Every structure is written in C-alpha cells, then in structure tokens.
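Pasting the structures here.
Across the two complexes that follow, chain A remains constant while its partner is chain B and subsequently chain C.
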Partner chain A sequence: MLFGAPQYLVSGLTVGATYGLTALGFTMIYNTTGIINFAQGEFVMLGGMLSVVLLKAGLPLPLAILAAVLCSALAGCLMERAVIRPVGRSAPVNLVIITIGVSILVRGVVMLVWGKDTFALPAFTGAKPLRILEASVQPQSLWVLAITLLVLGALKLFFSRTIHGKAMLACACERKAAALMGISVERMAMFSFGMSGFLGAVGGAILTPITLTSYDVGVMLGLKGFAACILGGLGNPFGAAAGGLILGVLESFGAGFISSAYKDAFAFIVLLLLLFVKPTGLFGGPKSDRV
Partner chain B sequence: MAAFACLLAAAPLALSNDYYINILILCCFNALIVMGLNLLMGYAGQVSLGHAAFFGLAAYTTAVLTATAGLPVWVGVPAGIAVSALVAWLIAVPTLKLQGNYLAMATLGFGIIVSIVFNEAVNITGGPSGFVGIPRLKLLGYTFSSDTAYYYLTAGVLWLATLVSRRIIDSRTGRALRAIHVSEQAAQAMGVDIARHKRFVFVLSAVYAGVAGTLYAHHLTFVAPSSFGFNFSVQLITMVVLGGMASLWGAVAGAFFLTSLPEFLRVFEEMDILIYGAMLVACMMFMPSGLAGGLGKLFAVLKAKLKPEPKPEPKPEPKADSRG
Partner chain C sequence: MMLRILGLVAAAVLWAAQGFAADPIKIGAVVSVSGPASFLGEPEKNTLEMVKEEINAKGGILGRPVELVLYDDESDVNKAVLAAEKLLKKDGVCAVVGATTSGSTLAIMNKFPAAKVPLVSMSAAEKIVNPVNPWVFKVAPSDRHAAGRILKHAKAQGYKNIAILSVSDGFGQAGREVLKELVPAQGFTLVADEVFGPKDTDMTAQLTKIADAKPDAIICWGTNPGPAVVARNRAQLGMKTPLYMSHGVASKKFIELAGESAEGLMLPAGHLIVAAQLPDSQPQKALLMAYTAGYQERFKSPVSTFGGHGWDSLQLLAKAIETAKSDKPEAIRDALEQVTAFPGIGGVFSFTPTDHNGLDENAFEMVIIQGGDWKILQ
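Right after this comes the complex of A and B.
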C-alpha cells in the first residue's frame, strides 16, 4: 500500500519548496502593504526564464541564475515604484487588479520576446539519481531543499538581526507607528516587493531543471503559492513556507496514491476542507502576530 | 431602463457584420455574469474568484442533458441554472463564514477544482478538447438559428436581469446587503440576518452566471474547459472593478468594454495581451472608481465647463442609481 511513499515524499517536498518560496513572497508584500500580489507567480517564471535566457547568452550557470534573481528583484522594486506607489491608499481590490494587470503585462512581454516554447535548465550537479531509502532522488531535489532551507535561515537572521529586517517587522505590526519612528514605510514597501521578486525567482530558478519553464508557468505556481500562504495562515512567513511543503507533499501523495489526473485538485480540496474547519489557516490564530 | 432597452435594441442595427453581432452576444453573456458578481462584490462586499465555475457548471449541465441524454432544451436550460444555484447554495454555507483573502482563496480553490473536473472527467465532458454537438436553442417550435435572433434573446434576458437587479438593490434586501458591506457587526446589530443575506446574494449571482452559461452553451453549440478556468474568473472580477463597483451600469459597461477590447486589439496581433494588461493597470491607476465613476466625473467636469452659470434645478444624473 505504501509502496512508493518515500519517492512521493521527496518529489512533494521538492515542488513544495518552490510553493513555499512563492508563498514567502506573498507574505512579504502582504505584511508591509496588505496587498495580495497576483504577479507573484510571474516572479517565479522570470527567475526560471531569465536564467535560461542568460545561460543561452553565454553566462555560466551560477552567474546566470544570480543575474536572473537580481533582475527579478529589480523588477519587483520597479513594480512597486511604477504602479503601486502612485496609487497610494486606494481600495485593496483595485490594487489587486493592478497586480493582475502587471502579471498579464509581464507574461505578455516574456511571450513576445522569447516565445511560447518550453525551456529547460541543466541540473546543477548532474542528473544521476541517488538512492536514499528506496527512493531515487535527483541531486537537484537536494539542491532545491538545501537552498530553500538556506533562504529560510537567512530570512530568520535578516528579521531578527538586521535593522532593515526589524524595520520591516515594524511596518507589518503597525504602519503608522513605524512611520512615526522614522521608518520610511514606502521604502519598506518597495523593499518587500524586491524581496518577494528575489524569493520567487530563486524558487523558479532552482525548480526549472526539474519541471521546465515557459512564459505561462507563473499562473499555477502563483495560485499554489497563494494557497500555501493561506494554508499556513496569511502573514506568517514560516507558516507560508511550511504551507508550501505540506501542499507539495499532499499533491504528490494524491497524485501517487489516488489519481494523477486530479493532482492539482487535491491541494485545493484539502485547503478548502481546512478553511471550513479552521478559517485562519494552520498556523494563524486570530490574535497571532502577523510575522 | 428604457434608454438601456433602446440601446440594446439598436446596437445590431449599427452593425452589418455577423462577427460583430457575435461579439455583442458575448458581451451580453459576460454582462449577465458580471451583473451578478457585482451584486455579490460591489453591493455585499464578498469577493468570489471562482465565478467562472458557475458559468461552466450550467453550460456543461445543459450540454450533457440535451446532447448526451437527448432531452429537450427547455429541460436542459432550467436544469443547468438549477445546478449552478444548488452548488452555490451548498458551498455558500461553509465558504461565506470566511472573510477577505480567505474567502477569495476558498472560491478560487472551488473554481479550480471545478475546472479540473471539466478537464479530467473525459467521458462526461469530453475533456480538454471540449464538448461538441450541443443543439441550438429551440423554444415553442422556434429555433434561434440566426445570430441576430439570438442577440435579441440574450439582450432581452440581460435587460430583464438588470430590472431584477435594480429591484433587489432598491429593496430592503439590497439595503441589508450594503449594510453588510460596510460592517457586518453593525448590520447584525441592526437585525440583519447576515448568513441568510450573504447566502442569498451568492446563490443569486450564481444563478446569473448559470443563465449566461446555458445561453452560452446553446449559442456556441460547443464548450471547452478553457472557457471556464481561473483566467475567466479573473476577467470577470476585472470587469466588475473596471466598470465600477456597486454600479449596475458600470458592471454592464465594464463587461462590454473588456469583452470587446481584445477584438479591437486583434489588429495588433500578439501585442494585444500587452495592451490589455497595460490598459488594466492604467485604468485602475487613473480611474480608481471604474468607468462609471470616471465617466461620471468626466461628465461633471464637462458640464461645469459648458455651463459656467449654475442652474438652480439639479438635473437628474443618468448615473444617479450608481450608488444604489
């Protein structure tokens, strides 16, 4: 009955890590601005696509990925500066529509420039699978998990040790008070968009060797990231990461044990059931701090 | 209302081409759904990111009943609408306890699940390649074979739906819905049964989508899952917001504008998606209250420019009902 379970667990964790990184991006922006950024999936797509493009342009792989991730972070900052900040404090729904518009725009630009093809990225260290506990694990899966953990650790340090991190936390807790303490809330908002661009792009770049990429992969990844965010409790970064991993594993188990045709549905069915039972997500209490 | 009826009736006369009439019909379908969604979002303040699912459920129900089971259309259409309403009622009970982003997520999840089922239940729905052979609409022995006839039918339904919406908005129920939008606690304190009203407006909006869905299926005689996915749900929301929340005419205008826009942008070939995205962003940035608000403001400015001397009697604004 449980034949294949370790295998599903590994592949679930791998994909889940990307959902988690996407969800982290959602959380960053939500915490500092209260916006659900529907262009989040496009950051993931940009990470993958730009890596491929830069690699083809002749850059070595690590450098290509680094450049892609930085470009995406820049795109995030640019997005905040160009379309979010000018609108200021308008209704959240309007801001959400703007992010949807941006996602269409980004998808359109990528499609026009690089076409509708599917692209691949080579695995970081070979494609020869390792055998761990009856599961054949691609080295790339280990990379994905390791990098995700690394990013999580770095974030933890960033929020607890650096002045910027603390300033962002302050914005999340109480924007007005943060502004009164001399924190530029606007700059923090831009910073959070940049960071979520960065996080999404990292997820996209490390997952592309496994799942391939194309101009429209961002839609589903964005939705799953949003789902992971809600699953973990909106506004809680580590809940978001955990939500991503849980979502990935559920999906993988559902595909393996029940039916692969309904793979994408399992995650959402579980999520709906959870929401009906505990409407604030797994790790979100009504009174919990938002970070 | 009369002016709207005239406008709807006159629209095809100005267009010679069947292609344009088809676009008009599509506009009417979308306007129907958007009107329902606007009651839910604009008036009651509940976001739904899964409304394409209700549209699709009705379309597939009538498709399966009339094409696969061979039942007459007058059975298929009400059944399709009923299925949409029933499903909406079933999921409304747990879903509407959620608020804000959580509600958005739940409806989004529901929409995605439904569209996956459309894709994967191949032996019922025909899977990703779609469902063919849906009969054309036939009522009392009359077959709606020409596009113009079908347009008048859809436009008539849209007009009726507008009438119903207006009655609801101006009624006690409508006021209760707006109260819920502003503050659920306050509404409850004033004796509004929140759960019942939210459920009512959710089911009502699903019925609007269902009506559009059945009409859509019998017009195209073909349905495919890609028409009922997340992207369409997003487009619907965009129409509501672009048109102007809590404005009936705004909803209709938003639907007509955004449905016909891609057709005009065909000229730009692949650039259309870029322009669509850019317009969406630009409209939201510079017309945050939507077309209804934006045009209303524009009219006000023009009026002020054309008539510098203030008139003593206030003219009834055509968009006076935009706030309900």
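Right after this comes the complex of A and C.
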C-alpha cells in the first residue's frame, strides 16, 4: 500500500511549488498594499502563455521566457498604475473587486488573441526521468524546485538587506508613517505589483513544460495559491511557499491513498480544519492587526 | 478571381430561377456556432452550408432547392430550446438537424414527437437514441462503439486486467459508465478505476496507484488537455503498460500537446483522420478524400469529425427525401428508418426501427500514434 509514497511526495512537491509561487505573489501585494490581488493567477497564465507565443515567434527558449517574465512584471506595474492607483483611497474590498475585474479582462483578451487551445512548452533540459528512491523525477521538477528556492532566497535578502525591501515592509506596517519618512508609498505599491507579476510569471514559465497552459489556467491556480497563502499565514512569504508545498503534497497523497475523485477537496478540508484551530495559518504570527 | 465571382453570380441566378420554379425544401438546424461548444459547432455550420450549396448546384432535391434555416444556440441549452420552438412553430421546416451538444439535444428532442417532425442529432450521448424515440435520429457514434472497439483490440492481445482512468466531466463520466459495464461483461477484470479533474495538471498519483494494481492495459477517457498530461505522466513514470485513449483525443492537437510521450498510444478514431491510408475498397474512402479536399479548400482549416456530423445529417435527410419523393415530415421519418448501407463521413449508416444511430463498432478504426502521426492498426 505504501508502494507509491515516494512518487506521491515528488508529484506533490512539484505541483505544490506552483501553488507556492502563486502564493508568493499574493503575499507580495498584500504586504505593501493590504489588497488580495485576485488577478495573481492571471500573471501565472501570462508567464506561460507569453513564453509559448514568443517561442513560436522564433525566440530561443531562455530569451522567450525572460521576455515573457519581464512583460508580465510590466503588466503588473501597469495594472497598479491604471486601475488601482486612481481609486487608491477606497475600501480594500473595492480594490479586491477591481482585481477580479482585471483577471476576467486579461483572461478574455488572451482568449481572443491566442484562442482557447492548450499549449505546451519544451522542458528546459530534456524529459528523460531520473530515478530517485523508487520515484521518477522529471528534470523539470528539479528546475521548478530549485528556482522556487532561489526566488525565496532572493526575496529574503531583498526584504532584510535592501533599502527598497525595507521601504516596502514599512509601507505595509504603516502607510502614513512611511510616507512621512519620505517613502513614496505609491511607487512601492507599483513596485510590489510589478514584483508579483514577475513572481507569478516565473512560476508560469517554469511550470508550463509540466502542466501545459491555456487562457484559463489562472483561475484554479489563483484559488489554490490563495489557499496556500492562508494555510501558511497571510503576509508571510515563507509561510506562503511552505503552504503551497504542503497543499500539493496533501492533494497528491489524498489522490493516491484515498480517492482521486475528491483530490481537490482534501486540501480545502485540511485548510478549513486548520483555520478553525489556528486562524492565523501555520506560520502566521499570534496576532493579526491588519484591518 | 473574376471568373469565380462570375461563376458564383451565375450559380446564384440559376438558383434564384429555380427558386421561382419550385418551392424550396426547408430544413432547420440548431448549431452552437458561438460559445464554448463553438469548436464543434463551427465546422458543423460550415459543412451544412457547403452541403446545401452542393445539393443546390446539382439541381436540388426532387428538382427543388434546399433552404437551410440555421439558428445559433450559442452553446446555451435554453437558446437551443427557443430555436427548436421557432423552427417547428414559425418556420415550418420539414426536418431539423441538431443540436451540437448532447445537453441541448436532450432538451429539445421531446418536442419532435409532438410536432411530428424528424430530428437528426449531431451529438454523442447514447440517451438520445436509447430508448428509441420514433422521431429522433443521431449520426454521431456512441461511446459504446468506441469502448467496444478498444476492448476488441485488448481481447485480441490477450489482456486480462484493465484499469480505467477517466476525466470527471460529462464526456468522461459517460465513458466511465460504459466501460464499467463493458469491461466485466466482456470477460476482463477491472483492477482500477481512477478519476481526474478536467483542469488537473498532474495525474502521477492516479497512475502510480494504477501501476500498483498491475493492469495489462490502461484505458484513459477524456478530451484535451487531460489525456495529454496522462500520456506525459506515463512516460515520466517510465510505465510500459499499454495505454488506450478514447476517440475524444483524435486530433493533431493531442499529438502536439503530448509530444514524444504520445508515441505508441492507441485509440479508436473515425475514418476521417486516416482517410488516405484506407484501402480503395473501403466504401467511405472516396467521399472522405473529397470532403477533406473540399473543406480545406473553402475554409482554409483542417477537417474534423464534427463537421462530418453536419455532412451526415444533411445528406441523410436529402437521401430520405429523395427516396420518399416527398418533403412531408412523416414520409421523411419513414424513409430515414429504411436507409441502409449509406456511406457517410462518420461511418456506414443503416437505420432500423430499433436502431436510430445506424452505426456499429466499424465506425471506428483502431489507430496507433507513430512518428507524430496516425497509423491504422491491423
């Protein structure tokens, strides 16, 4: 019965990394603006779709991915400048609704321009599986895990060592005080949208070789990423990444050992149970004063 | 170009002249030209119009031109019902083609016995013709035929234990029902029955569980992109168990998505995609080649089985009107039931009072994917 366990773990970690990267994007924006950006899944979709489109247009794979990621980061900045900033002072719930609108708009535009088909991207370094501890591992899975860890490390450094990172944290804590200290709150907000576009797109680009992409993959990814965020504790980047991995592994084990028909349910049941016991999430602080 | 326009104008004038000479035969159609099912409905509409023009260019049926009253149901069941009402009550058509999706056909089909007008459906669900409704016919082959074809092949290979892996949408559930019934009924043992979501991106958990049950073959039932992920995951896990796919992936898109991992997969597919490889004696071959050439020339896009359903429904109706020598709905219905060995795109049709689908397992050909293309499996 335990035969499949190593395989379930590997599959779960790979899928979980997707959720984790999406969750990181949520955290990024939440930390500086207090908004939950429901267009986060669309950034992930853009990363994958733009990579495919640019690759088809003749760019080599690394360049296509780089361009796709930069375009998505730009799209993030543009989103903040065009639709969030003009209504900056309104209640967070209005802003959240705007992000939902943006997600529907982006999905619609992508569907009209590139169609409803599903697309694939070649794996970075071949598709021949490696055998590790009775489990088959795609080289692409290793890429995904490595890049996720790298991104996490870079974020850690960014927030603790750079002036911009600290400024973003300051905006999150107290907008007015940060503004009085000479930090441009608006620029930090735009920066955080750009960064979350970047993070989402990186996730989309490195995962597409495994998961395929289409105009509507962002919906489910956004939902799972949000769940991962809550699971790990809203506002904590490391919690978000860990939450994603845990969610992926839970799903995989649930499908393997219990029943694949209820795969999506397991993760959400665990999430709900956890929130009853510890409403701040697994890695959330003891109190949450952000209202 | 000029010549072509002149030709068209001449044809239009001729057609109009005929129109004055005789009342047109009015045939209705309910097709999902837009909306989520448009990838099915668009080739259907294109083909219906192409067939209508071909018939009229040849002088129509019984010397009368065909008029097609086509409504777009926008992939919406309610709009399909309204369109059917309009066709039956206002337009006074003698027969109706449609609908595109099973849901819409099931919603409109009960109106037809009351109106005493025949309906030829282009959708797949077996419930449309089983139990038989005297006024409802269907040209799309049933899941049962596809599943039967796979199991026949599996039996010939000497497989005993079968695992099934189906998608949890309407298509997959219908296939799963049929497989759960046929697999034990034909003497196989069903060793695993797994399911995946239509949007799932990783099926390794299900495949690992299936591998644990040690089946001789796996049957995967779904439409893109799920089965492509299954194919990729199977290769990734290094599984050698033979994998059958359903007819739901019989398009080039599947090979593109699954890439190298599609190699060696087997599936039942309509004759259309392997037309060129058929022996010349095959009754459908000439027709399939002509349809493919005509469609690609005119619409600049590849043919699909769905467009074929449009061809079959309208040509079958034309044939029935010709045999009946009348466009009275009752006469068309009776004549449809008498159609035997009629070569169409989807298969060779033989309707009987108890069989309103008129197809059997031979509507499908077992094909294997080799070198990124389909090959007929002997």
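By our rule, the second predicted complex is superposed on the first by the 286 of 291 C-alpha atoms of A that agree within 3 Å, B and C clash if a C-alpha of one lies under 4 Å from a C-alpha of the other, contacts with A are read in each partner's own complex, and residues count from 1 in each chain.
Keep this in mind: a residue touches a chain if its C-beta (ideal position, glycine included) is under 8 Å from a C-beta of that chain, and two chains touch if they have at least 3 such contacts.
If you're wondering where the values come from, they're calculated on a predicted model, not measured in any experiment.
J.: Of the partners chain B and chain C, which touch A:Val217 in the superposed model: first, second, both, neither?
T.: second
J.: For A:Ala261, decide between first (touching chain B), second (touching chain C), both and neither.
T.: both
J.: Using the superposition on chain A described above, determine whether A:Gln138 touches chain B (first), chain C (second), both, or neither.
T.: second
J.: Determine, under the contact definition given at the top, whether A:Val93 touches first (chain B), second (chain C), both, or neither.
T.: After superposition on chain A, A:Val93 lies in contact with chain B alone.
J.: Residues of chain A that sit at the chain B interface in one complex and at the chain C interface in the other, please.
T.: 219, 261, 264
J.: Which chain B residues qualify as touching chain A in the complex?
T.: Contact set of chain B toward chain A: 41, 47, 94-95, 97-99, 101-102, 104-106, 108-110, 112-113, 116-117, 120, 230-231, 234, 237-238, 241-242, 245, 270-271, 273-274, 276-281, 284-285, 288.
J.: Sort out for me which residues of chain C touch chain A in the complex.
T.: On the chain C side, the touching residues are 39, 168, 194-197, 199-202, 204-206, 208-209, 211-212, 224-225, 228-229, 232, 235-238, 253, 256-257, 259-261.
J.: Taking the touch rule as given, give the residues of chain A at its contact with chain C in the complex, in rising order.
T.: Checking each residue of chain A against chain C gives 3-4, 7-8, 10-12, 14-15, 18, 116-120, 122, 127, 129, 131, 136, 138, 207, 210-212, 214, 216-217, 219-220, 251-253, 255-256, 259-261, 263-264.
J.: Show which residues of chain A lie in contact with chain B when the two form their complex.
T.: Touching chain B from chain A are residues 36, 38, 83, 86-87, 90-91, 93-94, 97-98, 100-109, 111-112, 219, 223, 226-227, 230, 234, 261-262, 264-265, 268-269, 271-272, 275-276, 279-281.
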